[in-house]
């Protein structure tokens, strides 16, 4: 099956590159008779939109979504929902200077090797705009999860440039431009990013995601473990370089007696597993973290080679985000929602 | 598609639980006319076999593989290869004491919630024996990768209980019982494990995997990114709790100018990406690390509840490995091989 | 995987219903660096377009296709190609009279039972407009098959209302409005259809499809037999009620010695198998036939029930084709092309 | 996904060839907590077994099935069920005379072209023994369909060598060796077959399948139409050359007013659609027919070529069935059951 399709029972197919006509997604397997509107979807898209603040690119991309099918009189009909965001006519000659070179940190070289042809404008399919379809589809999944199962998915930034959140207060997440759930640390992080911007550089970060309300028993025991599918979903986001659940990499330094989660009459008392054991949800919160790499496009001149292998200097013009992590937060939530809903549907199928 | 099937063009379907009749795998999409023998496969299986050393369980499981189809006169015919390892008649009443309780760290509770019925003997499908099929199938993938593409996949333990390898010397890996590629550190680790065994406890570890020889251009750009599929493959291994590629979680503390890999006339000069950018291989080594949790079954009595929610003490008898990581090494290699070969096949399909 | 996705390596995802915003398709797995233009695709779409002749509906649907992604400077880039045809703003109140009843021969009742909600306008997703995405995607597949492999796919009508073609002359197919490859019989058929139109009735027909140039060895031996996948592809076209390959239903009355195709030094001398044995192409022409049911919407008043189970009369206004088969010809060709190309790609993957 | 896997939520993976070690199937997605025994499965296998009567081959293949996983204390646990039938040690040198030639009507030539290597013994993977896994898996599906949904699937032969059943009396099916549901016609058919055997020849036939009790609303509206998936399932059976639903090929000669099924207060009054409209079940009986080709292996000497293209005479020794259709009856039922159960599970997933 094509690599642009994801999910088994709740399925998304995305398309679109930075400077083509549009980006979007077909969402299939949608529960029928659910209220859905363009506004519901737009609300999520606005979280990943550029131009939100001084640390996001000032390119004016409105990213207004249209529903082209699958919704009738405000309700899902059960057939595929097509969501599209048209690209504005962008000046693609703005990219002429990078046409024949490989930008450091970008997929330019890998794409040319893969396809033998490359749409270099704005990174083509490797552009962050590819995530629009994911967030749009995820908005539908989130709404179904909340309405039918009271499941909440919340992601937030916990580490930027080594500065770590000291507490988690959900009410703070949307109050600061870095989506850190700790007001004081958020301010410190913004100051650090401002400094990096002056140096024409960027920084990485870590996103944590917490999912509450998932019933126990979701996930398949072998290859389609719930954590395996979440891992794939997260690593499929361009800038994500890893994932860990619960105690994560910390298990390397733990003993079994420390790491084993134990139960008493009140249920589970610890959650080192991150809510999933043997690939199956335990009913506890599902908790994972993903590292997000620094923006590759920086204003600093960088050495590289061109398509003939000759050494050149790469200069990237225009405004670019000095950090990806805050805008990746809604993408993480969207992909998590798609995986959880897909697995709930599969569990229903198993028992039929 | 069922959660027991993995891969798109090189596909494995596994079956079997700890105390059923057998465990095994159907491997499909196998390149025809490749020499393969039970010995080729057995060699890999022996690496994950229990009873290899004083730190692996002394249960006598021979795990002799049989080829039931798909090979004719020592060569693959292109049709499904069935590989089976019969379980010995085990005394399943050895598990009677845990029949009605939930062992800490095990999937007992999650399975019962999922299925409403549970084969408690030796963890059933959640048993480590489930990986036999993976290693057997991976042996075929590794052989094809080596013979047709000169691709090598090497995994080894780099951290146990906080003790970290200081160098990587492949020739040492099979010389010590913890598969650490650093002779001196290996000895230190064995001493630490011996101490933990006396305390009736276990420990976690970290495995690193290095893949050389993968041509650039492998991997799909959206959901089936090469790193996304490797992540899924790794997280589908029971005890694995995370993954990171290249600089991994370290990117959180790096700037863009530090993290961006750069090229000169000699090609790539750094590999923070771990050999994959935008989901596509760059031709560099593919490098990732996975944390492996401590063995859940420990001899120490542990508090838990039974299926009626009443508090009881869990006592696990018999011998269990004090660490999973060294025996997970061949499983990591096998799953990596399956993903790489699958994606090479998909790249050929794309260009047809 | 969702039921709106078809194909494994050359994959199409369709969306859209009669009166939503648009219909279309995402095509993935497209060979990179192939020349493609909207004109190439439009040419095929025009064959299924309404309003072609007096026997096709006079609704004015221009069905102009747009390429929204995956093509750069006139060439495929290897990433998903999005093809869309916007629906005109149709007066959907034209369907108010059928909103609450089940039209005979239509999927109204089945859809309502399936989804519990129904977009009744113009049959919604069950509309023939759903085939636009198939034909558009098939145009790409046909072009690749012709340019890279010199494979030709030709479908034509061989039987309408019991009047059967007596010869097959490809040059006649587009010379008559019923796409019959026999000039004289075509005239007879048009006269018969004209008569049925006067009676406010419709008729069924049979399409034959002939595929030349497929190399031997294409198709998978078990479930994804080439004929099995072609059968699924054809039966997935709304009005198609069956399929037969080569001698087809005639084999029931043949002996083995009659039916067995035999070879001499010149290769195969007969083709009762229709070009596929054991699910795999033999290198001969692939030949199959499909029956296409009569148009369900007829002007004649028909008895039926409404959603309350009460008996009512169904009257269908507007113009409807008196026969589906001629407009289904390009759909048959498109689906056949998609299956053949998909299997050629899979064969390349197998041998990698 | 590999061509040896079928179904999305109820999934079967088959393996095995005529003269390998075994044939069998992994069944996944099985509803947990269903009683199942080897006897339940054996009963269905016995219907396809050779040696049942004078018109089936006298080769002594016991085909005793073993359950190797997924069943615990007589109940399904929800994890994969492995069913295996070991092949007897057959004298494979019995096939030496056909090793280098292409038997008429067999897939020998196609397989060699596909794979470049061929296991010629007993047709290898193209052997009818491949259907054992299907029938075994189908036995589980049939049991679940009957117990949970009261769905019955009944197939029977309706035409052999042009001699057609005149009535359908289910109670007669197992009373005669050709599985014709018409006692008198069955006798006539047996006489005809006996005559063909004397001529060292074989004959084709037509099987009809009738499925009662399927709720309305099953099937997906686009590519995974219920009839499309049944068509694929049936054409994936080696000897089947076509399929038609309800009025089938007859629609070519019907008018819309004749063909449209109509409803009154008592529900549907006709069933030309064969129980499926728009790809979705209507709640009526699902009815289809498939033509089954004559046995290719006949005792008559036949001209052919060898692998060097030289003309030779093919002589097939040993006993072969003079007709395939009666033994294909349980295979048709099995594949139908798998499709129906798979789609019921998918419908549950859609509404979650």
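Going by the order they are written in, the chains are A, B, C and D; count residues from 1 in each one.
Criterion: a residue touches a chain if its C-beta (ideal position, glycine included) is under 8 Å from a C-beta of that chain, and two chains touch if they have at least 3 such contacts.
Only a predicted model underlies this, so the values are computations on that prediction, with no experimental measurement involved.
Engineer: Report which of C-D and B-D is connected by more C-beta pairs in contact.
Structural biologist: C-D is joined by more C-beta pairs in contact.
Engineer: Work out the mean Cα position per chain and let me know which chain is farthest from subunit D.
Structural biologist: For subunit D, the chain whose C-alpha mean is farthest off is A.
Engineer: Using mean CA coordinates as chain centres, what's the subunit B-subunit C distance in Å?
Structural biologist: Centre separation, subunit B to subunit C: 46 Å.
Engineer: Return the distance between the CA-based centres of subunit B and subunit D, expressed in whole Å.
Structural biologist: 38
Engineer: Report, in whole Å, the distance between the mean C-alpha point of subunit C and the mean C-alpha point of subunit D.
Structural biologist: 27
Engineer: Give me the residue numbers in subunit B that touch at least two other chains, ranges are fine.
Structural biologist: 1-5, 8-9, 14, 29, 32, 78-80, 114-115, 125, 221-222, 346-347
Engineer: For the complex, which residues does subunit C have touching subunit D?
Structural biologist: Touching subunit D: residues 1-6, 8, 14, 102, 104-107, 109-111, 113-115, 125-126, 130, 159-162, 196, 199, 201-206, 215-225, 227-236, 238, 241-265, 273-274, 276-283, 289, 291-298, 300, 302-305, 309-311, 346-347 of subunit C.
Engineer: Within their complex, state which residues of subunit A touch subunit C.
Structural biologist: Subunit A residues touching subunit C: 1-5, 7-9, 11, 13-17, 20-24, 26, 28-29, 32-33, 66-72, 75-82, 84, 114-119, 124-125.
Engineer: Per the contact definition, I'd like the list of subunit C residues that touch subunit B in the complex.
Structural biologist: Within the complex, subunit C touches subunit B at residues 1, 8-9, 29, 31-32, 78-80, 148, 221-222, 344-352.
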